[in-house]
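Next up: some structures, all given as structure tokens.
Each of the next two complexes has chain A plus one more chain, namely chain B in the first and chain C in the second.
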Partner chain A sequence: MSDVKLKTFISSHSSFITVLKVIGNLDAGMETQLSKGLESSLEIGNKFLIVDLSDVDFISSPIIGTLMGIRRRLVETAGDLYIVGLSAENKNKFKLMGAEKIFFCLHDERSAVLKHEWEQEKRKDSLILEIPSRLDFIPCVRSFISRVGGIKDYTKRDSFRLETIIDEIGNNAIEHCDAETNNKIDFEIGISKEKVEINVTDYHDGTITKEDCENIKKIFKDPAKYRDDFKRGRGIELVKMLTESLDVEVEENKTTVKILKMKEV
Partner chain B sequence: MSSENTIRLTFPANMEYIPSVRKFFADCITATGFSRRFTFRSEIVIDELCNNAIRHGSQAVNEAITVYIELVDEKTITITVENSVAEEFSNKDLKEIIQSSNGKCGRGIKIIKILCDSIVVNSKENTSISVTRKIKG
Partner chain C sequence: MGTPMNITFKEIDNQPNGKIIELDGDLDATNVESALEQITSLMNEGVVKIIADFTKLSYVNSTGLGILLHFSKMAKEKDGCFKITNVNEHVYEIIEIIGANTLLEIYDNVEEAAETLK
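== the complex of A and B ==
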């Protein structure tokens, strides 16, 4: 049987998370040693445990069973166990045993802490995107937002709706910006477990009048009223239907559309 | 960097974002008219640079990575990846790692060197690595 070292410490990223680092191979018959290590990790009192297997080349099937048992106990007390640093071979073993559906298998300790914060609904990820004001970049942005929705466990329907929102507001921003003087569009996206906030900003040359500002605000307040007979103006109406809130802020040199969309339950 | 030809994205330093980020930039490069092969190779470079930035940059939980792509002309793009510097790497260290052709040099860096025409490293408050890719011929 190979020699295995177990090191327990509090995560440098969060005092609520304990890390158990395993060094060596986890052969069959080592379940008791691992169980003792896991038990002593839990004695620290944290409900969240990261098991770092980045220095483990081999994991036997009974060891995965032991990890499952500990995870079950933690979940019962509203905690969890995250696995990090699996080699390609060990990842495959987890997959074959269906264990990758039970555990969150993540890249490293930081990824596990980020996942923990996300799951505990404490975290909002921020993405800032700046593109030239050209229509051919909008499909790229909307596909990107949709993919981000996908990795953050938003449904396909929600992700598609996010795409629709970006398409409509992004196209409007390009259509109405002053491409001569300010050739860019900004997207600020804040995504959390329950909602997505999107701000889309286009820039103009500072000649916008007070009257223009009021007109833009009126259109956003009641888009149906301002839709013309030439099928224009439907985009804002559509976005309004797909979102919880839609606001516009018009300043001298920029217009920002602010969108709030809750996650579909 | 002029905004009219630059695409900029800042995202959390979390590995899960990398596939979406590299695909986004690949879509943008394709939309500009570059070939699929050029785009795919650029995607490889972005992937390697982002992986390195997350792996070797600051390990703070709220760390962010910024990727810029400048569409210089019909044949040239510049890719820049910027992150907060990790304590254990200095500007000199980074330049040595990139210039070194011995075992210290990671596979990712070797791939970047093969696929790019120039690599520039800057490290003050942040570390930034800029690479230029040109269509041959």
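== the complex of A and C ==
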């Protein structure tokens, strides 16, 4: 049986997470040693544990069973066990045993902490994009945001809806901005486990009247009433149907459309 | 430069004034004018029974939907029709939200739509 070293410490990225680093091979028959190591890691009191297997070349099937057992216990107390640093061979072993569907297997400790924060809904990732006020930039932006939705576990349908929202509001901003005064559109997107907040700002020359402001607000309040012809004018209406809230803030030199979209459950 | 979208035209058996149009890509604000031009020109040449095959159409926005409604209206005015087929579920949702599913003739596939022309 090979010699295995187990080191327990608090994650340098989060004091709420304990890390158990394993060095050496985890052969069959080493379940008791690993269990003891895991138990002593849990004695620290954190409900979240990262098992770092980046210095492990071989993992036997019973060891994966031991990890599953500990994870089950943690999940029952609203905790979790993340696996990091799996080699290609070990990743394949997890896959063959169906364990990759049970554990979050991540690249390294930092990725696991980020995943943990995301899962605990504490984290909101933000994106700020500034594009020239040209229609041909919108497809890249909408496609990018849709992919971000996919990466963040939003369904394909929700990602498609995000793509539509970005497209419609982006096109609308370009249509109504004053390209000569300020040739840009700003996108500010905050995405969390539960929702996406989108702010899209276009700029104008500062001569917008109070009446113009009121008219813009009226259009956003009841877009169907202000559809301009058979071919056009359904974009805002569509976005309104796809989102939880759609508001507009009109200032002297800029208009910001604010959108809240909840994640599909 | 717009989003790439190719339109190809195919004959329909025994329908001299009919054509299948295959749309490949995304139909959005960057290419809607080109689609409008090509299909309007086809209709003005007398091809007024049109079956649009959406198998390879992955995205449509409100402007794209607007011209589909325009084609449908234009075809009817010329005693023809504009039928849509093979719509993917995400695109269909957008069509439905806008309420265009009650205005457009939508079929599961090209064969089913062609059958209605006989």
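What we mean here is this: the second predicted complex is superposed on the first by the 262 of 265 C-alpha atoms of A that agree within 3 Å, B and C clash if a C-alpha of one lies under 4 Å from a C-alpha of the other, contacts with A are read in each partner's own complex, and residues count from 1 in each chain.
We take it that contacts are C-beta pairs under 8 Å (C-beta built on N, C-alpha and C of every residue); 3 or more make two chains touch, one makes a residue touch a chain.
Quick caveat: nothing in here was measured; it's all calculated off a predicted structure.
Enquirer: Check whether chain B or chain C contacts more residues of chain A in the superposed model.
Expert: Higher number of touched chain A residues: B.
Enquirer: Please indicate which partner A:Leu242 is in contact with in the superposed arrangement: first for chain B, second for chain C, both, or neither.
Expert: second
Enquirer: Kindly classify A:Lys7 by the partners it touches after superposition: chain B alone (first), chain C alone (second), both, or neither?
Expert: Neither partner.
Enquirer: Report for A:Ile128: first if it touches chain B alone, second if chain C alone, otherwise both or neither.
Expert: first
Enquirer: With the two complexes superposed on chain A, say which partner A:Lys156 touches: chain B (first), chain C (second), both, or neither.
Expert: second
Enquirer: With both complexes superposed on chain A, which partner does A:Arg72 reach: first (chain B), second (chain C), both or neither?
Expert: neither
Enquirer: Touch check for A:Lys95: first (chain B), second (chain C), both, or neither?
Expert: neither
Enquirer: Quick one: classify A:Phe144 as touching chain B (first), chain C (second), both or neither.
Expert: Only chain B; A:Phe144 stays clear of chain C.
Enquirer: Once the shared chain is lined up, is A:His176 touching chain B (first), chain C (second), both, or neither of them?
Expert: A:His176 contacts neither chain B nor chain C.
Enquirer: Just chain B (first), just chain C (second), both, or neither: which does A:Asp167 touch?
Expert: A:Asp167 sits against chain C, while chain B stays out of touch.
Enquirer: Looking at chain A, which of its residues have contacts with both chain B and chain C?
Expert: 136, 139
Enquirer: Of all residues in chain C, which touch chain A in the complex?
Expert: 1-3, 26, 28-30, 59, 61-63, 65-67, 69-70, 73, 89-90, 93-94, 97-98
Enquirer: Can you check the complex and tell me which residues of chain A touch chain B?
Expert: 12-14, 107-108, 110-111, 113-114, 117, 125-132, 136-137, 139-141, 143-144, 147-148, 151, 182-184
Enquirer: Spell out the part of chain A that touches chain C in their complex, as residue ranges.
Expert: Interface residues on the chain A side: 135-136, 138-139, 156-157, 160-161, 163-164, 167-168, 171, 230-235, 237-238, 241-242.
Enquirer: Show me the residue ranges of chain B that touch chain A in the complex, using the header's touch definition.
Expert: The touching residues are 3-17, 19-21, 23-24, 27-28, 31-32, 59, 61, 64.
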